[in-house]
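Consider the two complexes below, in which subunit A is the common component and subunit B and subunit C are the respective partners.
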Partner chain A sequence: MSVTSETLAPPATLRPLAWLRKNLFSTWFNALLTIVSLVFLYFVLAGIVRWVFFTADWSPVTIAPLLFLVGQYPRDQLWRPALSLLMCVFLIGLSWAIWERYVKAFAIFLGVLLGVLALIPLETPTITLGVRAVFLACPLLISLAFWIGRRSAVKGQHVGTLWLLASILITLVLLPGIRSIPGLSAVATTAWGGLLVTLLLAIGGIVLSFPIGVLLALGRRSSLPVVKIFSILFIEVIRGVPLVTILFMFSIILALFLPAESRIDRLLRALIAMVVFSAAYTAENVRGGLQAIPEGQVEAAKALGLSNFHITAFIVLPQALRLVIPNIVGQFISLFKDTTLVVIVGINDLLGIGNAVLNLRPEFVRLQMEVYLFIAIIFWIFSYFMSYASLELEKALGVGER
Partner chain B sequence: MTEDHQQREPIIICKDVHKWYGNFHALRGISMEVYKREVIVIFGPSGSGKSTFIRTLNRLEEHQRGTIIVDGIELSHDVRNVEAVRMDTGMVFQQFNLFPHLTVMQNITLAPIWVRKWPKDKAEQIATELLERVGIPEQTHKFPGQLSGGQQQRVAIARALAMQPQIMLFDEPTSALDPEMIKEVLDVMIELAKSGMTIVAVTHEMGFARAVADRMIFFDKGEIVEQGTPHQIFNEPQNDRTKLFLSQILRH
Partner chain C sequence: MSPSTRTRSNQQIPFWRDERILNAAAQTVSAVVILTLLYLGIANFLEISQQRGMPLTYGFLDDPAGFPITESYIPYDPTMSFGRAFMVGLVNTLVVSVVGIILSTPLGLFVGLARLSSNWLVNKIALAYIEFHRNIPLLVLLFLWYFGVFTRLPGAKESLTLPGPIYVNQRGLYLTWPRLTETGGIFLASVIIGVLLAILAWIVLRRIRETQGRETYFGRVSLAILILFPLIGWFVSGGEPLQLDEPALQGFNFRGGLRMSPEFSALLIGLTTYTAAFIAEVFRAGILAVRKGQVEAARALGLKNNHVLSLIVIPQALRVVIPPLISQYLNLTKNSSLALIIGYQELFAIGKVTINQAGRAVPVFLMVMATYLLLSLLTSVLLNIYNKRVQFVER
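Our next item is the complex of A and B:
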């Protein structure tokens, strides 16, 4: 088929000069606006650059980077979080090979960041050669795992299983330690802190609350009165109460009622509170999706003789979850940020460590801006990659949509 | 036809079927039989209960009085009976109701794999044959949203046939289609009727009725007003309501 120039759309891209004229200087008023904006931008950016590189005093951050990473985790046991980190980055590399679309950007960013951290010329005694070696190993491990994932016949379900095994190993064995195993002395969760705790609470909260939330959403539509009433009560009670209250309930009040010997670990109590809270919101989000599925879908499945379980698992839930991905990811991002509330029950997450560092020396008191900005950037990085992955997921699942 | 009826077993028996929506009496004592290999066309004005009736035959709607026996199984509150009947009856809907998140192949093989417990190979082989039969073998791996209405409805027919049902129920299968696509769906239905499938179809496609129906049943206000062969219904309708309705839909 011959294509004449008339059947083609006009070229969308303009040369730089033409683009400038068209978009920025088309009228004298636009030209004025452009110039004013440029001047304004210059002053703002110059101010930021000057503050970041000259005025700001980053010593609260640089004096104890390990504190921000793992809190008070015993320094002679640092190999345990280090090994956990290495396992995770290896799996991130493998995930990159399998789910390139969602993980690639994060994997590359993480590798570069850790590589830079390893080589940064920072004079602080806590960053030993060993710590630098671990950081430096991360980008190498990510690349190695990516290469392995591409060369071998590793499948998504294998990597999923590995993630599951690794999380169990890390959270139940490696980090807390087991008394009976020599060399793995018990480390109380009171010593855990920083980014480690923030990530544990966030990931644990997300992974555990999601299935519970889905079950609650289904329970709310159940025809069994007991299941239905329990689900409604659970969802409405939890949603009617602020997260802070739930954290207090689980952390303090619950502990008063339980006998001393059956006390649940403090960090675990906070995690349960996050899970309970998030599950109720997930349930309502998922319910919205369930209600959006046309009745005809269920009827068609029934007419084929599928059981209620199969209809839910194969027809209703997949479509409902797809509809509510943006809401659920949004909710998980806010859960991630809400983990900072555990500060008030005395857990040293990233924000808690920040507060602690500010009180470390009298001259740090005026450096709140620097510390909180540093923490904010860390939160922003993780939140950004979560919403990035969710956008990609939406695009991928949009295939074949009506 | 009457001799045939006496020789053959009825596959669907309805006796005095009633159905209410709140205070609205939607079905007012429907009694009828459908015989094996028979093609029945149900027609009537909207709101006459014809769709409700066909949906009681696989218990998408529950009837509140009377009995319905399909292939020897009585439809009741017993879930096993209902599932057994649904395995034996395929249904095609006005709005296709394909599963939009599954490919054409997955749409067709889902129930055979999970309900009939067939191995995947067998289910896929049968699905491929059926897609050939309804004339769209090249669409196997597309999603429903990528197909035209007529193609979607043909996939829906293939999906129902994949369970190898004894009876096919059609609930206004061409009403949601653009005019140029109606024929491709009717052709498939006519081929199916000629192959000896027992069919109960709610439709106003009088061409289809003329071509293959053994019996036509006129519904109005939740009752069977009149029934007979297409020849009787078209040429010598007895009831005034039937005459009026036919004159309205055949005018153009």
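Our next item is the complex of A and C:
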């Protein structure tokens, strides 16, 4: 019965001293552990603080902040990624109003971060007044969007549609690296780089791999042997080899299989590899959900006269996907982290830009720690907010409490 | 159902709504689409490889490789064949994976237990460790270890000394390592025989107890064999079968001990710490999966504490832990392919060099992929066998 009394006791009523005694010094062993950890923590934190503020030389990071953001994107065309950023930021503000529980922390963090970035005094000529203005506009835009989104007229569907429109607009109009559009000159994808490429690969990979993964999962459970065998082969082969080999295959080997005239853009090839790789893992996650749906659901739907398509689309899939949302988000986080592997096929994502910056000046040669730590922190922030949202989603759906 | 109604229902269903015909049509269409794509791809590839004179044959594997490999656990020099170089890469992959698995499991268990600690501070330190490693890309972590730490280490003369003693400098990690002396063979043989006999005794005595209900003290007997045999071997071999080989500075470099190159060390540390964070979560989930009532029920039945642990908690926790644990091991093995970017020459890196040297992209590439696939399949077969044994027969 001690369990119930523990869960009932409101933790807030514990006074600091009582809390200390309960959580840190309950037994002599616990006290010993606490002291050892305190000493350990002191040395680690002191070392980190000393290094970050006194020893480390952050000039490779501060000298070219725009490189880390957009790579070699032509500076006279910067308004295009800037406009994309503003659109995204506005939609994040709207999403905050609609899905407060999941987006709030990220929206606030992003607004504060961009606002601070706008005001940091850096003596680099690349950070013009215009760039600062864009960053400064972001927190304002987030709050404006939040204020608009709070109106009852704005529904989740509207925001979802807007996200869809924005992503099409961004990929086709604002960042045309593949096809030239009248009035907008094409920017070759070789010039793209930095966080822009990392986010494009990650978001593109997530959005495209999800439907393919679902189809593969359905294919694996299909009653048609051809479809089933193909799905199993595809999933197992892809899951059995490292991502590097798949990236390598699509970047180099695929050129041998395709006719010489159909050359695919380098960035697009990397994206296809990410999608193929991620789809196989998504398929296995979705299959786990499909297996958890009792047969009775399908039988009941059949008894009601629903067609096979309707049964899958409206009865089985919604329930199955709901069950595996945490796993799928986990898969997306690892896809996001895996985008770094594109440096191996020579694409300048965030990590690639880090390598390039280290070669900018001879004195940067021994500053790898600073640059890679900076990149690690950026990845950490994005992944952390994704897993935070996933945890909240898990709680809201009650998936963990079965 | 009378024949007349069957014919009527047959007449009512037009062929485009007949499930059997639809199924067959879908099968045919999907088969045609898949086969056409495959055919087009392969035909194209054959044509191109004909043009460039790179047929899909493996004869080149016997040609001399001509490129050096800095780290190799089997004898190798550039005059040896491509096939040999490939084997070197495979062994390098296996070495780093096996050592990584051996190191990351206890580290993961330790962090996982710390994460379950009732001590708030220990708990949060473990959480920080897990969150740090789970939210950054492995490649960045490897860069941090290799370029951030190992290339910045001092030279041999100013090497750092860790307890052990372990010397750390730009040229790598130098560990004090036990080495067999001339009589060491006897000792080694006695250890191996002891382990085999102990396992045999465990299985046989345990089966006797299970089938005949007689107490056979299988645990104690096996333990005694395990200790006794190496001890006998130790004395038979003259008391000094092992010698601690301590690295010592000679000139500009260390001699003796076990040397691990900076590339290998960085890869091993990166893979181990990264995978340990995931393994910690696996262990935590496994331990939490055993319900409190199980322990309470076992105590109520009068089981001793060690029996509660060994008969009730651990078997149930293992059932939850083993499958994700194996998949983490597989991930570690596949992740070792990232080594090519810091210069440790494992399977994929050597495959890449071979492609450049032999100019035979597709055959080499197929070999690399097939090898990884084989490793994965072998592991999942083993996993499935184990899984069948530990899962409940009936739920």
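The rule is short, and it goes like this: the second predicted complex is superposed on the first by the 354 of 402 C-alpha atoms of A that agree within 3 Å, B and C clash if a C-alpha of one lies under 4 Å from a C-alpha of the other, contacts with A are read in each partner's own complex, and residues count from 1 in each chain.
Basically, contacts are C-beta pairs under 8 Å (C-beta built on N, C-alpha and C of every residue); 3 or more make two chains touch, one makes a residue touch a chain.
The model shown is predicted, which means the values in this text are computed figures rather than measured ones.
When the two complexes are overlaid on their common chain A, residue A:296 makes contact with subunit B while staying clear of subunit C. Of the two partner chains placed by superposition, only subunit C is touched by A:351; subunit B is not.
Looking at the shared chain after the overlay, A:17 reaches neither subunit B nor subunit C. In the superposition on chain A, contact of A:318 is made with subunit B only, not with subunit C. By the touch criterion defined above, A:223 lies against subunit C but remains apart from subunit B after alignment on the C-alpha atoms of chain A.
Once the two complexes are overlaid on the shared chain, A:304 sits against subunit B while remaining clear of subunit C. Against subunit A, the residues of subunit C that register as touching in their complex are 23, 26-27, 30-31, 34, 41-42, 44-45, 48-49, 117-122, 125, 131-132, 134-141, 143-144, 147-149, 151-152, 292, 334-335, 337-338, 340-341, 348, 352, 361-362, 365, 368-369, 372-373, 375-377. Per the touch definition, subunit A reaches subunit B in the complex via residues 294, 296-297, 299-307, 310, 314-315, 318-319, 322, 399-402.
Of all residues in subunit A, those touching subunit C in their complex are 3, 23-24, 26, 30, 33-34, 37-38, 40-41, 223-227, 230, 236-237, 239-245, 248-249, 252-253, 256-260, 333, 337-341, 343-344, 351, 366, 368-369, 372-373, 375-376, 379-380, 383-384, 387. Across the complex, subunit B meets subunit A through its residues 58, 60, 83, 86-87, 89-91, 93, 95, 97-101, 103, 110-111, 114-115, 142-146, 156, 159-160, 163, 169.
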